[in-house]
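Following this line, the structures themselves.
Consider the two complexes below, in which subunit A is the common component and subunit B and subunit C are the respective partners.
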Partner chain A sequence: MNPSPQHRRSFLAHRQAVLTAPKAIAPDGLVLVDLSARPRLGFKGRGTPAWLQGRGLALPGRPNEATPQADGGLLLRLSEHEHLLLAPLSETDGQCQALATAQARERPDHVYPLPRQDSHAWLLLAGAAAADCLAKLCAVDLRADRFGLGDMAQTLMARVSVIVARADLAEHCGYHVLCDSAVAEYLWDCLLDAMAEFGGGPLDQAAFASGLRNPEPP
Partner chain B sequence: MKLIPCPLNGLRNAEEFVCGGEVQPEPDASQLSAADWAQHVFHRDNRAGLVREWWLHVPSGYWFIAERDTLSDRFLRSYPASELFAKRTPVGPAEPGDR
Partner chain C sequence: MNRLPEPFGCLIDRSRPVRFRFDGLAYTGLAGDSIASALAANGVRVLSSSFKHRRPRGIYSAAGHEAGVLVQVNQEPSVAADERAIAEGMTVSRHHKGGRWIERFDRFLPVGFYYRAFFRPAFGWRLWEPIIRRRVGHGRVDPGFAGGEHDKLHLHADVAVVGGGPAGLAAALAAAETGAEVVLLHRRPRLGGGLLWGRPDAAGQHGGDLAAQLGAAVLAEPRIRILTAATVTGCFADRWLSAVQGARLIKLRARALVLASGQREQPAVFRNNDLPGVMLGSAAQRLIRLHGVKPGRRAVVATANDAGYGVALDLEEAGVELAGILDLRPGHPPGDLRQAAAHRGLPILQGRAPVAAEGRDAVQAVLHAGLDEAGGERGRLAADLLCLSVGGTPAAELAVQAGATLAYDPDVAGFRLTGLPEGVFAAGAVDRRFTAQAAEADGKAAGREAARAAGFVPQPMHRPTATAATPNHPFPIFPHPEGKDYVDFDHDVTVADVANALTDGFEHIELLKRYTTLAMGPSQGRLSALNAARLLARARNLPVAAVGAPNPRPPFGEECFGHLAGRGHHPVRRSALHPAHQARGAKFMPAGLWLRPAYYGSDAEVAVRAEVMAVHHDVGLIDVSTLGGFDIRGPDAPEFVERFHTGSFRKLAPGRCRYGLVCDVAGSLIDDGMVCRLAPEHFYVTATTGAADGIYRSMLWWQAQWRLDVDITNLTSALAGISVAGPKARDLLAPLTRDLDVSAAGLPFVGIREGHIADIPVRALRTGFVGEVAFELHVPAGMALALWEMLLTAGERLGVRPFGVEAQRILRLQKGHIIIGQDTDANTTPAEAGLALAVAMAKPYFVGRRALEIRAGQPLERRLVGFTLADPLAAPPSECHLVVRQGDIVGRVTSVAHSPVLNQTIGLAYVAPDQAEPGIAFTIKVRAGRLLNAVVTKPPFYDPAGARQA
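Up next is the complex of A and B:
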């Protein structure tokens, strides 16, 4: 079976074919979404904060903080001079392409691009029990009252390095998880295994974007 | 689980870190004899008591310096490497710009 177009470039594309007909998931059930085909882009170097600000982005005030952008994207500050921009969950690519083009054209001093599309897989875990589920895999306290919107952490999850950030979703608690693309399949399986006791399961990106958790049977 | 203080990420499990060995003064490469190089590269003090070491927080790829008491295995303090190393040492052909 061919994967759906939005997953063609994902590291997990071969695992996504089963999702073309998502099974019914309770409205408060946990879902795991593969966003690896969505754009993302990083920059580092001591000129980065000023340059990004000049391009109209809202900058996080300190390292390990994430700031939502006007277009729905999320800008993560990984260290003093390193940033990572996640595109909005909608179909647009936000400012990723525009920033990449502008950096290549302007060549601002001390700003170096870090392409993340091929280096990192991007997963989203969402649902009322998301924090309880991640507590099984990660030592950082990710409960919503301790790890608020705007917090992000660089830590281990199931013993592999990840970047984890709170996702600002309308209904439920959600977490963006970025890991090395080489361990994407391993982490995907670990998360599915950890989710099993809470119900729910993997969900197609398009179905998630349209808010469809409980599709009508055909 | 033992916790290690990281200047960038705060207190984290020891399994997130790798020790990079003692902090040593950088020798003047042009003045060094072979024996001095061997001393610098291979020999360690292995002191009992307060030591200053390089540590790496693996998930963020962040190197920092920590002061540790090897008798009690307690971390006393950790700080960014920039506190000790204010200026860069050029390596190889000069690069345009500082990363």
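Up next is the complex of A and C:
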């Protein structure tokens, strides 16, 4: 099924951010951004690593690792033969559309596409207290010095399955959190509740992106 | 006021008075005071009355180790008055008032009294229980009490250190120096432990200096995370700690663990050893040095160690007159503090012990006697304070929970730790390093060892050897013929009670504990286990080592229900269409973890009927996103589907679907759904809402056994589903698509096509669940909302209406479609459910085939049949009403509904196999035992030929 972007909506569109000021992502703030509308896709099957490599992607060396791509995207290796590509946080979709088209055209052996944009919601929690906040919901050690860029975990957060990876946000500490799209609103509320003691709140995706481009001076 | 001047009272802020109420009277304390210390400063000595004998009780440990200090704070019961800080406006009250008359009858209330007195006659307990319940307990539970929000926190450490005394502080520093990340947990609000209140040296200055120095170093070390006022409540496998800090339950995983929990001073046993004014020497020191409270006016100190002389020196410096120091040891034992006391001319009575306290509501005098054979002449010292310093026991609850053993060591006349598990280290007084210097050095060594265990490379260091001198007297127990010699203060267990339990045959320490309830109160034996073991050993003429100690189980300290329940995360799954349902006034019902619209509108009956009729006459939309959906792709996809399902799908043509059943290995039905072939090597399989997760797990499990060349992808959340059902369904869809032929010829019944509706990619299935022309549109979840809204808009002219699960249940029942799990149970076979046609026994293998073969050889015990009522106007039965024949149960009703279109009651029920033919009457037992006649009616009840679904 080919995507028709004009009809696509985030699973959290009805809960959209109330904060829009870029200054809300000053390094000491804590923000939750819904990136579910951003492109992402997955492939699995034993032909996947070779095919992705052939398409010029930089592959993580082992499962539970994430490798930044040249265009700013992030490739997560979920298992030996299963990968998930997150589009860059900028406005481009990175290689997502190109890969989908190539797979549909080439139909490489043992490469099965996975509709990650629909199966999973994509949230991003950023700010100095992000690790402390996630520690209220998740038993994995996500402290920034122990769970660095390139680390990725498939675990439980507030009792639902999630994929967690560090986000490369320059001076901000951030985590990508991907969950089953049906529990997006549930996890969104759990995260907002956990964030309350640190201040901050939800942030509109556009405001977040513009904040990334023009970070507030500390 | 009993408030002492500075430098006493290192915790209090003299500039900040705090007003509170106790038992209706107003008092003023200082910030930093506990409830108990503030009351002591105001001259209030009685904090509560005891659990059983209702005797007055006051401060004993000043450290939260006994039930006698439990009070009610506002709506919160069982608060330790010597631990909880006072707060402005706090209302404190006693748990029990009055009732002391019962003390006079204590000889009629021995241990085991409840077991023996109230179990006969049979109705007796109903009489006694309310009376007993009114009298016992620690406080009042207010059902309306809103305990506030609680939550949980996960922490990780290379080294976790429990205890913020000299050993713990030194251990944290030593571990952090190696590069390890350390979490230091301390039960009290301020670091320092015994250094803050003890007197390690004759001058009385060293403790405070060392606490300040170590505390500052720990605060300055960025690798140490300090959690004060945090009680570690449990220590579990692999160094996993639970701790409570405020309203938060902390779960801490550490690579290595240092337990520096200190030791706990123990009481002596003698007559009236529970009177207010009798307290541990450490309690008096805590009052003086932490809170600046003078604990009495004239004191007796009973001691079996040098630290007792430190108590005497502190008392003297606080202006308390020393009536005498009773030293239980013979001869002239050495000790700097004793020497200092002697030098100051304090009255020392060597080889004497307290044998009774006098007084009714508080101590007025202490009787003492010699400890040699003859006992010597009795003496009497008038005093309002008796401080006991006769020994201690390791605060080893966590170590024991971690796997260590508390063994009695006759050389130290007390328990000591042995057998600590790998990665767990003990340091300081908990492991017999009693002096501040020894504890600090020991902590440093343990910190380094723990860092090494956590993978860091420390400088080598030898642990100091344990102190040879012991603070413990081997038997500080002086039974009195008239009793009131308490071994356990929580439950008023006396020496005679222990003796009686032994007479009754409860000779093991754990049996003794359960029979007497000794060590079963709020303090869990913290002040009684050691003396109970000594008593038991002496009575049985055994060494104490052979008797052992009762096992301390978690939790140590206070965990409230809020800590355990707080932030209970209960996942809720919502379909992508949820916001649209909400906007339309849907009433939601749970379906597994999902929320599904039951119906739309406020009046259930009206709404459901209208929804059913809309499907029959116009067109309805139902959200079927919760159905499971799985792509089975790869060269072996046909083989996988063939093995997993009971039916035959090898010859199913691409573009076609077939009803599929799934059995477990026992041949029982576990799910049904549609098996759709999109391409020769690509199947799309659906599953029911409740079973989807289990089916996916089962698919993966079988694939792990079979290792077929196939990929299984769970699309349950990725694909939302909208079923467009009704005679006008085609009229709705046709104008919205360019590449799908929705005509009967283009997309026939049980066909599947991929295409677009309103530019949104769909998999369109022709299904027959609701009995009208129906298209199940499976669409990317992120686009489902747009499609739903477009269908509603476009369908307005056709009378389109969303319908919920309730209407769907009626519609499917009209067609006789079963719901797995409602119309089946854990034993139902396809044959019983009338689904034998969906089982291809000719296949060589499928999951459950062998069991079905065997079960086919057994006589059928029941059949699922459709039924209507003999009297169409009769009140309908309910689901699970029994089908009876001549008094025997032969089956039950599984589904029943009133069909608005047929205007009659229809249902499904299990009946005996010989009752299964259409037209046979059977009996249903309904409410109040009434019998209702029903008639077997072959489904479908509605449109039997299926003409409406063409």
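Here, the second predicted complex is superposed on the first by the 192 of 218 C-alpha atoms of A that agree within 3 Å, B and C clash if a C-alpha of one lies under 4 Å from a C-alpha of the other, contacts with A are read in each partner's own complex, and residues count from 1 in each chain.
Keep this in mind: contacts are C-beta pairs under 8 Å (C-beta built on N, C-alpha and C of every residue); 3 or more make two chains touch, one makes a residue touch a chain.
For clarity, every value in this text was computed on a predicted model and none was experimentally measured.
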Partner chain in contact with A:Glu185 - subunit B first, subunit C second, else both or neither: second
Contacts of A:Ser79 with subunit B and subunit C, given as first, second, both or neither: first
Comparing the two partners subunit B and subunit C, which touches a greater set of residues in subunit A: C
Partner chain in contact with A:Ala139 - subunit B first, subunit C second, else both or neither: both
Partner chain in contact with A:Ser36 - subunit B first, subunit C second, else both or neither: second
Partner chain(s) touched by A:Tyr112 [first = subunit B, second = subunit C, both, neither]: both
Touching partner for A:Arg9 - first (subunit B), second (subunit C), both, neither: second
Partner chain(s) touched by A:Gly45 [first = subunit B, second = subunit C, both, neither]: both
On subunit A, the residue positions that both subunit B and subunit C contact, one per complex: 45, 110, 112, 139-140, 159
Interface residues, subunit B side, partner subunit A - complex: 1, 8-9, 12-13, 15-16, 57-60, 62, 97-99
Sites on subunit C touched by subunit A in the complex: 151-156, 251, 253, 567, 569-576, 578-579, 594, 625, 631, 633-634, 711, 713-719, 754, 756, 758-763, 780-783, 785-787
Subunit C partner contacts - residues on subunit A that touch it in the complex: 1-4, 6-11, 13-14, 36-37, 44-45, 110, 112, 114-120, 135-141, 143, 146, 158-160, 180-186, 190, 193-194
Contact footprint of subunit B on subunit A as seen in their complex: 45-46, 63-64, 78-79, 109-110, 112, 139-140, 153-156, 159, 161-163
